[in-house]
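Just below is one structure, and these are the notes that go with it.
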Amino acid sequence: MNSFFLILLILLAGAAISFALGKISSIISGTVAFLSIASASVLFFTQLKNNTYIEFPLGEIQLQWGIDSFGYIFALIVLGLGSLASLYSISYMQNKERTGIFYFNFVLVITSMVGIIFSQDFISFFIFWEIMTWSSYLLIIFNKKDVKEIGVKYMIFSAIGAYSMLTAIVMIKGNYNTFLISDAIQAGAFNFTNNEYIPILLLIGFAVKAATMPLHVWAPKAYSNSPMSFTVIFSGAMSKMGVLGMALVLVRIFTFNANNEAILPNFSPIILQQTLAWLGAITAVIATLYALMQDDAKKLLAYSSIAQLGYITVGLAIGTKLSVMAALFLAIVHGIFKGALFMVAGAVERQAGTTDMTKVSGLIRKMPFTFFTALIAIIALAGIPPLGGFVGKWMLYESLITESNSYFLVILVFFSSTSAFLYCYRFLFGLFLGQEEEATKDVKEAPITMIIPMLILSVLLMVTGAYPGILFDPIAKGMETIGFNNVTWDMSVLGNIWGNSVNMIYVWLTIVIVFIAAFIFLTLKGLKGTRYVSTKDISTSGEIPLEHENLTFQINFFQPFRRAAAPMYKRSMDKIWNEIGSGLESLFNFTRKIYTGNGQTYAIFVIAFLVLMLLLKDTLFLN
Amino acid sequence: MVISPVHYIAVPLLAAFLIPLLSKFIHKELARIVPGIVFLYSIFISITLMLQIGDKGIISEVIAGWQAPWGINLVFSPFSGFLASLMSIIGFLIWLYSYNFKKIDKEQSQKYHILQMMMVTGAIGIVLTGDIFNLFVFMEITAITAYSLTSFYRERDGAEAGFKYLLIGSFASVLILLAIMILYTQLGTLNMAEIAQKSHLIPTSLKTTIIVLFLVGFGIEAEMFPLNGWAPDAYSQSPGPIGAAFAGIVVKAGVYALVRVIFTLFDIHGAYDFLIYGGLITMIIAETSALAQTNLKRMLAYSSIGQMGFVLMAFGIGTHQAIVGALFLMFNHAIIKSLLFMSGSYLTYNSLTKQISALSGLGKKLPLVSILFGIGAFAIVGLPPFSGFWSKLYVLSAAADKNMLLLIMTILAVSIVEIIYYFRVVSTLYYGKQNPEIEIQKPSINAMVSMIALGITILVVGVYPDVITNLLENAATALTDKATYIQSVLTQNLPIN
Amino acid sequence: MTITENNIKQPIGEYIQNWARKHSLFVLAYGTGCGAIEIPPTMTSRYDAERFGIRGAATPRQADVLLITGYLATKSLKRVIRVYEQMQDPKYVIAFGSCTINGGMYYDSYNTINALDRYIPVDVYINGCMPRPEAVISGFVELQKQIASGNAYNATKYKENLEWYRENQKKIIKNWRMPDYNW
Amino acid sequence: MEDLAIKILGAVLTTIMAFTVGMFYGGFVRKLTARVQNRRGPVVYQNFIDLLKLQSKTTNIAHGFMHHMAPIWMIIASLTTLMFLPILNGNLWFPNISFHGDLIFLLYMMVFGSLGMALGAGQTGNPNSAIGVTRGLSQMVGFEIPFVMSLIALMIQYKTTSIQDIMIAQNESGIWNMFSNPFAFLAALFAMFGMFRYSPFDIVGAPAELASGPVSEFGGKYLGTMMTANSIFSFFKLTLYVNLFMAGAGNINDVGIVATLIAIVILLIKTFALYMVPVFYGWVSPRYRTEQAIRYFWAWPSALGLIGIVWALI
């Protein structure tokens, strides 16, 4: 049997079986889900060779599935993160209700993402895309919180995106008479000079999933309210499907000069490119500003995801080799660290009952491994050397400074990235540091099946920091597939086009040597006199805090910053959309009133219509 | 016995006549069982004939020995055959569903089943007949049964709805009859093939008048805006399965008539644009109204109107692919909306009110029904891998071929509205708070069977649309190929007696 | 290797450490009494305690010297004890003003303590009511001498005689809710 | 092998120099401040005495692992940044591994220490520390903006992100960047006020308000190590500024011993002169609240930074 079908079948079977077993035991159901995803991953990475394609007809539509180097990048994220997240969710979903439905949709989301990666034609692409949308919808409202608002918002924006995409697809069909992606590209469907609607509509479609301003409003609550083990996938992998599409389209908008540097063909794509880049940057800034105001760790992470996706959008929009590479690298690394962070949030939620940072604090001693993961992931998120996050950020900045002409964009991105330190700190402080309060006295470390995926992800972050080449390899191949030539990379040296570079190995060496020396010195020196005390033993001007007295500083955490940046908090896209929504709703209420429920009115309608038609018949029918 | 299209009409009429007698003298239950047998037989005929037309092309049957164009004839083309088969199947499923329907008590059930059978028969008659006056007659049969079924519950609201339907429906009858009269005075024939052949003889101003009369008349049956005032009330006040029958059968007949008039009888291009705009406006108004509904059945009714607008619009685009899409839409709408009405009426039946908010949390108590409703909702808004997606894709790509970008965007914008209100229901079903007071009455097995059959069809067609596309292609060809229709009706004479 | 200065023999390591301790005194001023008013002139331009390496410390963790300026109410004794115990060895206490020696003008008050060294060990007393900044500095210099000679080991004494101190402390502090320290 | 030995020796030398100079500068500042306030002030090597005393504390308190780690993080940040900064222009002993890093890297590495310290401060559970940290981080967002703007201006002016190249370019043209792009320099200078946290930007520690802010719970060896790290870091910051805006020190063509010593002296003069700017500014300034400080940085310094970028483009 063909490996493509086999992989999808294994996943589908996994979904069905775990659904059936959900009633019996959530652990068994979860194990089945994990096994199916893991075995699909194993099959994928062992059996499928790059650049294999299969074609089969469905009605008069020719479908093509295949895997190329570009899809491979995303398969790494989806299947890698998918396996870990499903392993994680075995314990996370334990003792919860309706686990059958959860695992069914969970595996279905992964199936559809694998399907999207397989799809080489628009029809299967769209089908898998929509399956992904509704199965994720069912997971978003799984927790039964704010179902109406979150679910409807998610569906509306997904539908806007999906239908713009569908419009573009049928337009491609209309103009070029093909559904195959490669044929469409050959025919120049994404070329701006031929038809500017198609790429723009496609970009809108992808931008929704990539949560780009102003289509991001669904994201914060959707990310924070779904079960955490799914949000790992949702934010880590699913948003990357938008990135996949955007990369695919955006790169085609550029043309390439003799040296294979991307250049823009004419005026209008520059506007598009700049618009998209600015939207990405503004997304990053706004989301960051909101992230650092959140009191709920999950929401904080949700906003942070949006911000990170903003960087990726910027990178893709700039469209040079370095920036696209940065964007794709960030996409993978974001999958890793945001996956890890959502896992951390999930672990805290499971063990401590809430992720509200005003209620939980001081978990570091109780959940050391979770904290370690959070620490590593946050360092990567903040883009601080020497972890993988830094590599991506570095490439992004370098490409912005060296290759784009929009220096103000750099400032914007940098502002967001600096402000990100605030929420990065908030996350660690809020959950793990600070006072150990009585409320969280009995919290235990998360079970091992949750710890293992988290630790694997943290190790990955360190490895990608030291040897980013591991990821450059597939990324470079993928970029060559979508149109760049001669993508060069080095195992651990990052370079820009001005010839400046950073050698991550030296960074690691310096840091590790200094770390070891300083650690030994500081630990051994006065070892006898060093003692560890509880967090209640602090200098409080001599006052002795009692056990139940809450000394943690958590509320209005960044109040001074908020005061300083007050003008930026005044408007929100959410409000604007809500106003549009309520305006439309009142309009619809008006149209509803056409149906008065009165038979006489209806009769008048009929007669009036008849008369009107008789009057207009010649103009209507005789042209 | 030779199977012929006449059996579609004759057998049910005979059965309708016999049922009261049989139930009185043999067994009471027969009144309920016989219609089922009739429907099964109709399905059997459909299958046989559909297989036959594969070799023979169009089957034209003449009733009572008179040759066309004088006699009344039945035309079983791939197009009308497709619709007739669809109607028989839906009719059967509705019968199956309502066999033990809780709200139809024993006394009434005999009446109900006869009426329902006659309604389907009338609709099938409309689709099959080759004679314009005969079409009118069948339309009256359908309409009258529909009126009485609308007010079947003998409540105030039902009576009011029935009356509204009757009022508007009588307009339709008058207008259609008037049109037929003018047509007959002009051409001296009632055979549709012949009218089609001779339609250029009619003076143009008169021709447009006839078209307007037909359009308004059939437009009422096809729920075109602003002629569809009757529909929401009729749908929501009639028994649940009848709502399904309206959506799946009656309206389809109206659309068929409208399309037949425009595509076959007259060849006027303005009418296509009229269909597009009429359909578009219908769709927009209906879907936006549906958003504001709080009553589940009314919401489904408006959604149904909107879907019919979509179908009309798809016909209006007029290319082969668009017609395939339109037929696919009709097919989908028939199965999906039937499923929605069927499952929806069990849901409302088990809630305290018909309000959507009252469905809260029923997903857990009626898991299978809710899942079926969910499948229906997902399918009707056109989410893959359910069948609704393919019809939408066909229509959209047909529109794209004609570069109707604005049209596509409007359709999709309206689809978003659709998504909102359907998902609102689904999320209420599954994620709302449960009302502990409700005692759940499980649906009967036969109802479940018919709903599951529909659900499975949706899934199968969704995953593998090839099972249906061939039929649709043939049907679309049959509709557009006017010459073959005229020729085969006027030359192919196969008297049955 | 030892070094001898002022007839005191010290190993060289200890000598250097004591020299550093002597010249770098971070003072935590516990300004409860009226004596606190004398601290600012001591620190600022006129008397400039910083030239002796004396500077203020904000928290007990960073402080070397606990400067208790004036009477201690029974209520504030608890705070003083806690602050003292939070300080890190080597640590010194300078009691400032008559009140800390014998209660001073509050000797018969119902809610002040009279002799501070019954509750925490005091290295240097500075007499006076108020002692002038000169006196304060002379007290510091005295402390520096003690440190240099290696005699400022009151903190160790406190640990050794903890039970006695606790007993005294508990006599004053009725609702004893001090945390247990793990030293 | 010899290469490696020289490198290690150079690294150690750099560290020792940075440490010594940083500590002495701190002492000078204390002394000068005292003189300005009409005091005698401590001895200039007072900081060494303080450090020695802190390190010779016999008991030390830690509230947990992150508390223990905080000084280590700071040392890592200081030393790593130092190692990747060319101390002298092209000198054999002091380039360390600077050519393996660039400005953007340093920019991020500089944050490492602050974040580490913030985490340590967070673990102590002292609310004062947490408040101090929020102020510090918020203020950092403030001053990073003009700082980054001026760095961008330099980078696009010289089409390089390497500090070495910027230094060489200044030496070749003979014009310091503080004159060739005064706006960028001013923006960076304002940012520097924030970096050094002297008045009016000392809200972070805010003596007498927040105890001593983030370091409230640090004492003994922890405080001592932090002090060391801070001294090294301030030397790094000053050298970075001198390299970027004042052409650094030393001559790439002359790397003899004498030339090196002269270069070091020049470097010290330049850094000291630069260091005095925030110190002088601090003497005459009261304290800004956090939001005032942030707004301060986002107003004129950022505007200057923007002008600097435009200037560099022209």
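As written, the chain order gives the labels A, B, C and D, with residue 1 at the start of each chain.
The working rule: contacts are C-beta pairs under 8 Å (C-beta built on N, C-alpha and C of every residue); 3 or more make two chains touch, one makes a residue touch a chain.
Keep in mind that what you see is a predicted model, and the values were worked out from it rather than measured.
K.L.:
With centres defined from CA atoms, tell me which chain sits nearest the overall protein centre.
P.N.:
Smallest offset from the overall C-alpha mean is found for A.
K.L.:
Which chain's C-alpha centroid is most distant from that of chain B?
P.N.:
C
K.L.:
Two chains share more C-beta contact pairs than any other pair here; which two are they?
P.N.:
Ranked by contacting C-beta pairs, first place goes to A-D.
K.L.:
Can you check how far apart chain A and chain D are, centre to centre, with Cα atoms defining each centre and the answer in Å?
P.N.:
So the centroids are 36 Å from each other.
K.L.:
Quick one: report the Å distance separating chain A from chain C, using the average Cα coordinate of each chain.
P.N.:
A distance of 58 Å separates the two centres.
K.L.:
Counting only Cα atoms for the centres, state how far chain A is from chain B in Å.
P.N.:
Chain A and chain B have C-alpha centres separated by 44 Å.
K.L.:
When you check chain A against every other chain, which residues touch at least two of them?
P.N.:
Counting only residues that touch two or more other chains, chain A contributes 529, 531, 533-534, 536-537, 539.
K.L.:
Among the residues of chain D, which ones contact at least 2 other chains?
P.N.:
57-61, 211, 216-217, 220 - these are the residues of chain D that touch more than one other chain.
K.L.:
By the touch definition up top, name every chain pair that qualifies.
P.N.:
Listed in label order, the chain pairs in contact are A-B, A-C, A-D, C-D.
K.L.:
Once bound in the complex, which stretches of chain B touch chain A?
P.N.:
By the definition above, chain B touches chain A via 160, 163-164, 167-168, 171, 175, 204-205, 208-209, 211-213, 215-216, 220, 226-227, 229-230, 232-233, 268-271, 273-274, 284-285, 288-289, 291-293, 378, 383-385, 389, 392-393, 396-397, 399-403, 405, 408-409, 412-413, 415-417, 419-420, 423-424, 427-428, 430-432, 464-466, 469.
K.L.:
Contact residues on chain D for chain C in the complex?
P.N.:
Within the complex, chain D touches chain C at residues 30, 34, 37-43, 46, 49-50, 52-54, 56-61, 207-208, 211-212, 215-220, 223.
K.L.:
Provide the residue numbers of chain A that touch chain B in the complex, in ascending order.
P.N.:
Answer in residue numbers: 58-60, 123, 126-128, 130-131, 133-134, 137, 141, 144, 147-148, 151-152, 155-156, 159-160, 163-164, 166-167, 170-171, 173-175, 197, 585, 587-589, 591-592, 594-595, 597, 599, 601-603, 605-610, 613-614, 617-618, 620-623.
K.L.:
Which stretch or stretches of chain D touch chain A in the complex?
P.N.:
My answer: residues 55, 57-66, 68-69, 71-72, 75-76, 79-80, 83-84, 97, 100-102, 104-105, 108-109, 111-112, 114-115, 118-119, 122-127, 130-131, 133-135, 137-138, 140-142, 144-145, 148-149, 152, 155-156, 159-162, 165, 211, 216-217, 220-222, 225, 289-292, 294-295, 298, 306, 309, 313.
K.L.:
Which residues, counting only chain A, touch chain C once they are in their complex?
P.N.:
Touch residues, chain A against chain C: 529, 531, 533-534, 536-537, 539, 541-544, 546.
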